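Here subunit A shows up in two complexes: once beside subunit B, once beside subunit C.
Entry: the complex of A and B
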């Protein structure tokens, strides 16, 4: 299975269901790749899966794709592969792959179920940019007949915040779009801040659209709770110490990395929020404090 | 069995009497055995081999007692009901005693069954542990319920100002024939619960030559510790393990003794002696625990030569895995965190941090190092020497200049003496100060520590458990003038030479261990995972 077909399949998956997380599309692609792969050895299979993950990261450079791919590989190989026959091993791996996919498709619902109880009636929520998980949480809260209003930041350079505002208006939720620079101004009016995450790192911090760190610092200064909602496949084995410690391959979009020579002219798309600024993380593994994220990661990886 | 009291026809009287008598003996025997078992259980928890055999023995006995009884052996609790019912027993005299020993017997039965059940559970839990990690990604919520809570016995805190504790310690040392080292000089009242020894009076002077109780390798090691010739957490542990290897080589099992039990008892006075020379560190404590476990796990049918060879091999493996290979793994992770153009601050002389910096330099990373040093040990000079020898660009400052130099620094690398279970880092005195100032300047602080230094203890301040070094070290200054020479004569003057201090986890950004990079708050997770592995 060569690169072009792989990337095409991935793009098709993304187009088919725009609501699906890019990592889920990547995992679907990897599962299809596994089914069609004609490798002869298990080691060869893992190598080609890793190669496939790299190809997909080259297409969509978000943290979630790389973390999702790695977790997929770990999940399917963390079983007894002692069968004599390669095709039986492959079948076992495929079954586990399907199981993994099933679990993560349920993850957004689980997160929404956990988080909506933290939104009280009459709450004013601040959120950043367009996050499908946050949207699902707010949908659930609205379905529970809670009355709340939302402030969304515009989130330049791609104005993703306006997309979020549109989606919220369809839910009949009163929404206001604010400038990125107005976060400090608006924070005294809000009760809580909920953001999504592109990746959750080992320290318990998050990697998210640029502007999240600012929001976290301001909410800490105002003593407002800062909640993060993320699925568990976004947990990644990275440990940034500060902003510049985040690898370049995640900071910029994939096409930018390929075409541009001097990255210092480019504006990074993500930033890192340290765990000291985060109150709670809502994941499908439960409601975690930032220090518990490392606990979960150790359980997953060690 | 407990059928003895069942209402039987008069022709079964003899059977009943026989069964009752056997029953009575059994209960006495059972009781004795139970008592013995409890004592042995308290002494050594490792004797799992004996217990199942005894359990099966006990179960066989009641089972065999069941056979003379004509009735079908039913469960003892179920039988309590029929036996308790004052049925028209043809032997009324035997009713009460049989009723009395029936509950006693059934209690013993219950205990035996309970123990057997516990054994089975423990065995199944062991098996479950193997399957557990495989199922972990699928069921992240399952493992916590499977983990057995292992209650560790923590070493008691030193309490020098408590005369009862001192008396107990003195008695214990007298029993082991080790001289008691006396404290020296006036102790600052806040630390009066700790020992303070003088380097000029090593414990070895009080030992007779040749010492019959303590192996000469251990005597030499004790002297090296107390004079500060062997210093540093890793160095001390490795020296300890090498000395123990020598002890094992020279050891011969006395007749009528088992190697697994006698050797452990032989090591106890050595450990007390070393503790008197210089308080044991957390890493040494963990190494000793490991050795003791390995020794007591030697099967009794193992020949002495083979057992000794196995033990020496174990110790070599331990040193290789936990210290040498761990250092390599930590260096690999740390090099990812060192980027070109970095200015790295180190404090004192940590063998691990020096190793990391040398490795990074060999991998052609461009960085420079600032070595911070402090009196009276001036260990930074040794670190400086090692780094300059490699060709690394170094600067040397004293700790008083740390806030002056920190704006230049991009990262701080610290070593650790031990990592406590609540995430606090115990390290050389001054480390906490550097971490504090670094935090104020927003400079990331990285602590490098091998997992064998992780300790189950919990401490939130540097007072409760620490070490006081020789106060006379503070007297001498660089120019040789000693104004404090007669400090003992001034009643209101006390000299305090602390060795360790404790850094809270808020000041530490990252801990690099051989298992990977973890936040400071995940130390108890690693301890838990290690317990499950063992």
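Entry: the complex of A and C
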């Protein structure tokens, strides 16, 4: 399976279902790659999967794709430990892979079920940019006949916030788009802040669209709860201590990384929010405090 | 015949317990401490296991869940009832898994690992009957009862590590756990205690009388004086009604004020709470002020008298429980060891 076909398959997956998380599309692509792989050894399989993951991150440099790829690789390692024979192993992997995909497609529903009870009647919610998980949570709350209103930041440079506002208007939720710079201004009116995450790091902090850190610091200053909603496949084995520690390959879009020489002139697309600013994380594994996240990661990678 | 007699006896006891729970809330019946409620609930659950008709673990869990729902509905603010029910449900799951011979440690929680490696939908419907299940479950519940009996002593045993001579300790209201804690330390050390009276029921007065009978120098202050006196206090030691899943507290009203004053003066806040007070609930914004006691009200005046406060985990320094001391950020871990996630909603 060569690079162009792989990338095309990934793009087709993303196009087919715009609601699907990019990590899920990546895992689906890798599963397809696994099915078509003609390798003879498990080590060879791992090598080619690593190569495939690199191709995908070259196409879409977000943290989610990288975490999805690492998770799949871990999945392969764990399964290959149980069965020595390659063909038997591959069959098991394919079955389990399908099952895994089924389970993670349910994650957003589980998260929405956990989170919507925290939105009480008459609440004013602030959110950042466009997040499909947050959208699902607000959909569920609206379906439960809760009355609430939403403030969304415009989220430059791609104005993703406007897309979020459109989607919310379709649900008949009163929504206001605010400037990114107006977060501090709006926070005194707001009851709670809910954001999604592109990646959840080992310390319990999150990596998300640029502007999230600012929002977190302001909500801490105003004593408003800051909730994060994320599916468990976004947990990634990174431990940044500050903004500089986040690798450059996540900060900028894939095309930017390939074409631009001097990255210091570019604007980063993501930032890191430390766990001390986060109140609770809602994941399909349950409601977690930031200290519980590293526990989950240890359980997986140990 | 022993069969129907046992059943009616069982239902009678359950009804009596529910009635007591209900009365305890309205203020008319005897106020019982949470340790007593926990013990009675567990004894009742043991009786249900022994006397009710069930053939498989699934049936028993259904029965207990149903009774549990009724009990928690009778007195929603008494969370120890729900906690004990969840403990017993977890015991049943463990005993069932042990009888089946599977390694149940791996099956417990949802985790990323489990997502990746499970081979299919788990057939955990608990329908297989095992003869040895009943005595095993009853034995495990007996162990739980022994643990419950020893909690106050286990906590009090740790007192000497935390209280030093000539310290000034502040507490609020009346907590049997804190009382035992302070009395145990008083055997070997000399220190002062300041008790905030905790209006309107002023349980702090009884606490002060009891402590001074044990030879501890005690001072009673009004709730309004908490902040003023805090600068002279070395440690704040309090009890609580419930410990929430995020490490926060649901404690008697006035505790949040106390915690904020302690934070302002950087005074450590120690919470003495036995493990049966740990509840899988997380704070919802609505459960405050839903508990009214009987008191005379003027006709055109609405008096709101919240009995409980929410204290966020950032204000707490240490939890002392019967199994040792823990940071608030560790509470989620203890919770996952005590309860199964499917039992969080009864």
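As a convention for this text, the second predicted complex is superposed on the first by the 295 of 302 C-alpha atoms of A that agree within 3 Å, B and C clash if a C-alpha of one lies under 4 Å from a C-alpha of the other, contacts with A are read in each partner's own complex, and residues count from 1 in each chain.
Methods note: contacts are C-beta pairs under 8 Å (C-beta built on N, C-alpha and C of every residue); 3 or more make two chains touch, one makes a residue touch a chain.
For clarity, every value in this text was computed on a predicted model and none was experimentally measured.
J.: Would you sort A:104 into first (subunit B), second (subunit C), both or neither based on which partner it touches?
T.: second
J.: Of the partners subunit B and subunit C, which touch A:117 in the superposed model: first, second, both, neither?
T.: second
J.: Should A:248 be classified as contacting the first partner (subunit B), the second (subunit C), both, or neither?
T.: So A:248 meets neither subunit B nor subunit C here.
J.: After lining up the shared chain so the two structures overlap, which partner does A:280 touch, if you call subunit B first and subunit C second: first, second, both or neither?
T.: second
J.: Based on the superposed arrangement, let me know which partner A:295 touches: subunit B (first), subunit C (second), both, or neither?
T.: Both partners, subunit B and subunit C.
J.: Quick check on the superposed pair: does A:47 touch subunit B, subunit C, both, or neither? Answer first, second, both or neither.
T.: Neither partner.
J.: Which holds for A:144: it touches subunit B only (first), subunit C only (second), both, or neither?
T.: In the superposition, A:144 contacts neither subunit B nor subunit C.
J.: Quick one: classify A:17 as touching subunit B (first), subunit C (second), both or neither.
T.: The answer is neither, since A:17 touches no partner chain.
J.: Return first, second, both or neither, reflecting whether A:235 touches subunit B, subunit C, both chains, or no partner chain.
T.: Only subunit C is touched by A:235; subunit B is not.
J.: Where on subunit A do subunit B and subunit C both make contact?
T.: Residues 71, 74-75, 78-79, 96, 99, 232, 285-286, 291, 295-296, 299-300, which sit in both footprints.
J.: So in the complex, the part of subunit C that touches subunit A is made up of which residues?
T.: Going through subunit C, the ones touching subunit A are 109-113, 115-120, 245-247, 282, 284-286, 313, 329-330, 332-333, 341.
J.: Hey, which residues of subunit A end up touching subunit C in the complex?
T.: Against subunit C, subunit A makes touches at 71, 74-75, 78-79, 92, 95-96, 99-100, 103-104, 117-118, 120, 232-233, 235, 280, 284-289, 291-292, 295-297, 299-300.
J.: Which part of subunit B faces subunit A closely enough to touch in the complex?
T.: Going by the criterion above, the answer is residues 133-134, 136-138, 140-141, 143, 337, 411, 444, 446, 506, 509-510, 515-519, 521-522, 525-526, 529.
J.: Looking at the complex, which residues from subunit A come into contact with subunit B?
T.: Per the stated touch rule, the residues are 71, 74-75, 78-80, 96, 99, 202-204, 232, 237, 239, 241-242, 245, 275-276, 285-286, 291, 294-296, 298-302.
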